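Take a look at the structure below.
Chain nomenclature is as follows: A, B, C and D, assigned in order of appearance, with residue numbering initiated at 1 for each chain independently.
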Amino acid sequence: MNDSPIRFGLIGTGRIGQVHARSIAENPRTALSRVADPFVEGARSVAARFGGTPTDSADELLAAGDLDAVLIASPTPTHVPLISAALDAGLPVLCEKPIDLDLAAVDALRGRVAASPVPVAIGFNRRFDPAFADVRARVRAGEIGELEQLTITSRDPAAPPADYVGVSGGIFRDMTIHDFDMARFFLPDIVEVQASGSTLFDEGARQHGDFDTAVVVLRSRSGALVTIVNSRHSAVGYDQRMEAFGSRGVLNVANAPTSLVSVSTAAAVEARPPYQDFFLDRYREAYAAELEAFVSTVRGEPSESPTFEDGRAALVLAEAAQRSAETGRSVPVDLD
Amino acid sequence: MNDSPIRFGLIGTGRIGQVHARSIAENPRTALSRVADPFVEGARSVAARFGGTPTDSADELLAAGDLDAVLIASPTPTHVPLISAALDAGLPVLCEKPIDLDLAAVDALRGRVAASPVPVAIGFNRRFDPAFADVRARVRAGEIGELEQLTITSRDPAAPPADYVGVSGGIFRDMTIHDFDMARFFLPDIVEVQASGSTLFDEGARQHGDFDTAVVVLRSRSGALVTIVNSRHSAVGYDQRMEAFGSRGVLNVANAPTSLVSVSTAAAVEARPPYQDFFLDRYREAYAAELEAFVSTVRGEPSESPTFEDGRAALVLAEAAQRSAETGRSVPVDLD
Amino acid sequence: MNDSPIRFGLIGTGRIGQVHARSIAENPRTALSRVADPFVEGARSVAARFGGTPTDSADELLAAGDLDAVLIASPTPTHVPLISAALDAGLPVLCEKPIDLDLAAVDALRGRVAASPVPVAIGFNRRFDPAFADVRARVRAGEIGELEQLTITSRDPAAPPADYVGVSGGIFRDMTIHDFDMARFFLPDIVEVQASGSTLFDEGARQHGDFDTAVVVLRSRSGALVTIVNSRHSAVGYDQRMEAFGSRGVLNVANAPTSLVSVSTAAAVEARPPYQDFFLDRYREAYAAELEAFVSTVRGEPSESPTFEDGRAALVLAEAAQRSAETGRSVPVDLD
Amino acid sequence: MNDSPIRFGLIGTGRIGQVHARSIAENPRTALSRVADPFVEGARSVAARFGGTPTDSADELLAAGDLDAVLIASPTPTHVPLISAALDAGLPVLCEKPIDLDLAAVDALRGRVAASPVPVAIGFNRRFDPAFADVRARVRAGEIGELEQLTITSRDPAAPPADYVGVSGGIFRDMTIHDFDMARFFLPDIVEVQASGSTLFDEGARQHGDFDTAVVVLRSRSGALVTIVNSRHSAVGYDQRMEAFGSRGVLNVANAPTSLVSVSTAAAVEARPPYQDFFLDRYREAYAAELEAFVSTVRGEPSESPTFEDGRAALVLAEAAQRSAETGRSVPVDLD
């Protein structure tokens, strides 16, 4: 492979696929070679903007023989078969999260991936956000002593369409999945899950028996506790915060401002405009860094790409949270 | 009683008793008439500073016949018998929290209090903190729409002595009790409790089988969720925050700064000195306002003194949290 | 004098006189012995609340022979004769600022004060504000390297009555006088003054040929520049800020919040209620600390009470600012 | 011209020329057609990255006949002759500030520009910064009532090389020039200038008789006062703030953070990493918006490109400031 750019095949050209296409085009170490989407117009449009040969067939893309890696950004149910096909083709994979909504399907692939000579990485982009990555590095460096509590506040600007809720696998598999992985980014060895859910405002959630509001508490092997506070809506914008509480101090990640301006009047002082309200704005840098890490993974350089096991672990936690929320019991988990 | 100051008998002259003695002396509507403590030097010292006749006998104080109200600030095990004796004497009571560590003892007194012609108030001082009271008033006024989530962060500066931990009744009855009441200040109808505890750093907690770190999730009848994050220590000072998350916005209570000064250098910008680290500093105004409210209660004016039922409810939640943390199951509660 | 409380005679019982009366009554090292005001009802009222014998005659007070110190809080035109009379009586003086509106009157007293065996202190209370005092201590300790620029923002909540403006001596003598002293608290050796004034909103200022808006630039002997930004009104509350800019960093004093609560909605985030809007609230601690320092001065202990020379220097700067604003020329000053 | 991209000739390929080259390449309404620099390698490198034909001759570029506009980013002494030559060629011009260091040279061109059928715009990029532009729009919309005071804090991260200082025209022409234009963005009718300068830390400034520290006060026709606080260095990063103080409130522009992370320990709370320290980072969006506005100007659409008169006015203010700082007198100016 040497120093020539890694030739990517991109499967899936929806919103997130387009983000990856841009990242691939802008990164000097990567090039977009092939683009597949059964909705071939999508593939053509992306190829026109970011390079590569379009096709309506993922199989054709994988069979072409001129790729160095595959990025899977197609709908969740296609992930497992496409990862499998990519491994058949001997190609490293970066696959969007979640691997699947069904743990059994993931486990069926697990041995195959473990034995694979090429890497399979999962797209937990938030690990690559500069703020979260910085906090983790500083926690590891001991800046706040022992990590005792991690509090993750994660609220979307607005609930998804009711149709989507119905196929999402539920709030824990669909939304909290990111927070489960973030928890494990700091405390990989989670041993117990407690979850509470409520349905307070979203008609879609109500229709599909899902929650729109949730709190999850995770216990790590060390006894450190992680608290995740979720909501499907947030009037003030995308709410993505973290507090890492240690024996000697606290590291905080604040929400992303949209302006440097504040206003003060007789009514209120230091008021600022609402936070960023779109995940692609909030995590723009994270997506680019995620790709950069995967390039290192592919090149065999030291890297921190989340693994298939990380993807599986997040799903295990999501399933445990669902069960805990339904039964009112804490659920022990074994991520090994 | 008219407009003459309410004559208080104070029982107990430890740290918190002295706080109340000062409040009574400084409030123009109250006067300190009698002070009792079996350690009579304490009673004498408080009487010398803030007025009143000292005695070593609470019985003598209650029998004197020249009091309008009693403030009980003696050790927890004396609360129930002293409330009972005060009611015998026909005197309104303001009693420090908790009523008792044992719900059975509280329940034994419950009917008596319910039937009493004079009020019994419990000293949940935080309800009277200007910040928390303001948030609650604004939530009630609808400023943030429907209240969906309440997040209370409550961490003490440092763990208490090991001896104290042994008789404290455990972190939920001793420390979280304040947070349970604060939760009910916003959402009185709690129906379910889930709790997780860890013992991470405090030798006293370890010796006595107690937790030093805890997270509690409460569900209200409406489905709103309350998250309480506790620790027995905090390197940055007394950590007392709240986030009330509603359908249309968020109200936050920040920690209390100790200075208006910040410093910026090449190493870090806008760094401020640590927060207040003593509850008597943080809640100074709250204690005075608590007394003021109790005066209104005694005078039969509209008031918001926490009731015996509020005190009982906080203990019910503490017991439920203890059980949940021990069993890993959510515990339904009925506060009626 | 030993350890018995310093017996104060207070002259003047207006708003600021009452502040001092309270400080004297609350400080365990001081006692209010005599209170004088030609409006004898004021003297009686203050004496009833804070102690001492009332009189309508400052002469009688000074002649009583049972005082250890005098606090002069009467109208400005009485300051010079009363300081003089106090020195005749051999009594240490703490006199409110300004010494006089007329430099000639101050200079007539200057030699007398310099030769006096008892101290004369001037009430520049802001030096004793915990925030400003902290910044100065840290600047002196070298925390931000060499002090290069000092920016003082000082705006009153609302313009004074038109009548007052007419006898105030103008904005520089009346309001900026505090900022001149604050500048000298950091950089005593001011050598040049440049000032600009405008009359933008206050009818009283317009009637009396005064400014309601001003900017003053002071040059210190070292070349460090001080910028003072003034306004007679401020919609957001009392605006009292400072930025000390040094070669290695910056120290800032923020405005004093009135609450720990902030609100975030779709319209604006982190909005807080307006700042304190009354100087007696903002500088409550400063007045008490000012008295405490004067007690040390009287006792011959090391202290930092502003001197008569400090009071004169502030007036020299005010006169120079007035001249600069009128002529458009920078005015050299010699404070020695 | 229709809807086809505006074909730009870029003259000058130094640091700022490269910024513009990128903006031209990235803006869908513009294209880089020709690039001139006497250092032809620079022109070739820019052309290779962003498009266009390189040349070492600005004359050749202007004579090519296939351009729609010229962007002048060459050294200051070339600005006047190049603007003149561009007008000869009938081409609209966007020229970097300052027009010239010598007002006489600017005035010699003034009539020519006034009579020109094509526009000449000056590159005051800060007008296009989202924060400053937002504050100005809100001031104009009356959000803070009448604008009474504008305070601009503008400090560079580090002093330029001594050689540069020698040819810079001095701090007022070189650095404050941006702040003069910003002042006029809010208050165009400046009538008087007062300036103070000091040389405190920069050896280059000392060698060349320049200041490294300055404060300028401008008076507008309305009486509103502008205060500009400058330094050639800043330990905490690029310091670019503004406070617009009005009769009904205040709008503030804060410094640009580099991270969402803060840390709190027993030593200090809420400490954040230093601000951005490079003007190209701080004003990245501003440069793109500046180009966008110029495209509108060229197309005859409503636009806000700063004009040649704006460029001249800033220079008039700079000269006046220099004279005021040297003489200690306020300098009246007439910008008409």
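The rule we apply is simple: a contact is a pair of C-beta atoms (placed from the backbone, for glycine too) under 8 Å apart; a residue touches a chain by one contact, two chains touch by 3 or more.
Computed from a predicted structure; not experimentally measured.
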**Asked** Which one of the chains is farthest from subunit D, going by Cα centres?
**Response** B
**Request:** Would you mind telling me which chain pair, A-B or A-D, is linked by more contacting C-beta pairs?
**Result:** A-B
**Asked** Where the CA atoms of subunit A average out and where those of subunit D average out, how many Å apart are those spots?
**Response** 42
**Contacts with 2+ other chains: residues of subunit D** = 144, 235-236, 248-250, 255, 263-266, 270
**Touching residues on subunit C, where the partner in the complex is subunit D** = 144-146, 148-149, 151, 153, 155, 192, 194, 196, 198-201, 213-215, 217, 219, 222-225, 227, 229, 231, 233, 235-236, 245-250, 328-330
**Request:** Over in the complex, which subunit D residues touch subunit B? Could you list them?
**Result:** 235-237, 255, 263-275
**Fill in**
Contacts from subunit B onto subunit C in the complex sit at residues 130-131, 134-135, 138, 143-144, 248-257, 259-266, 270
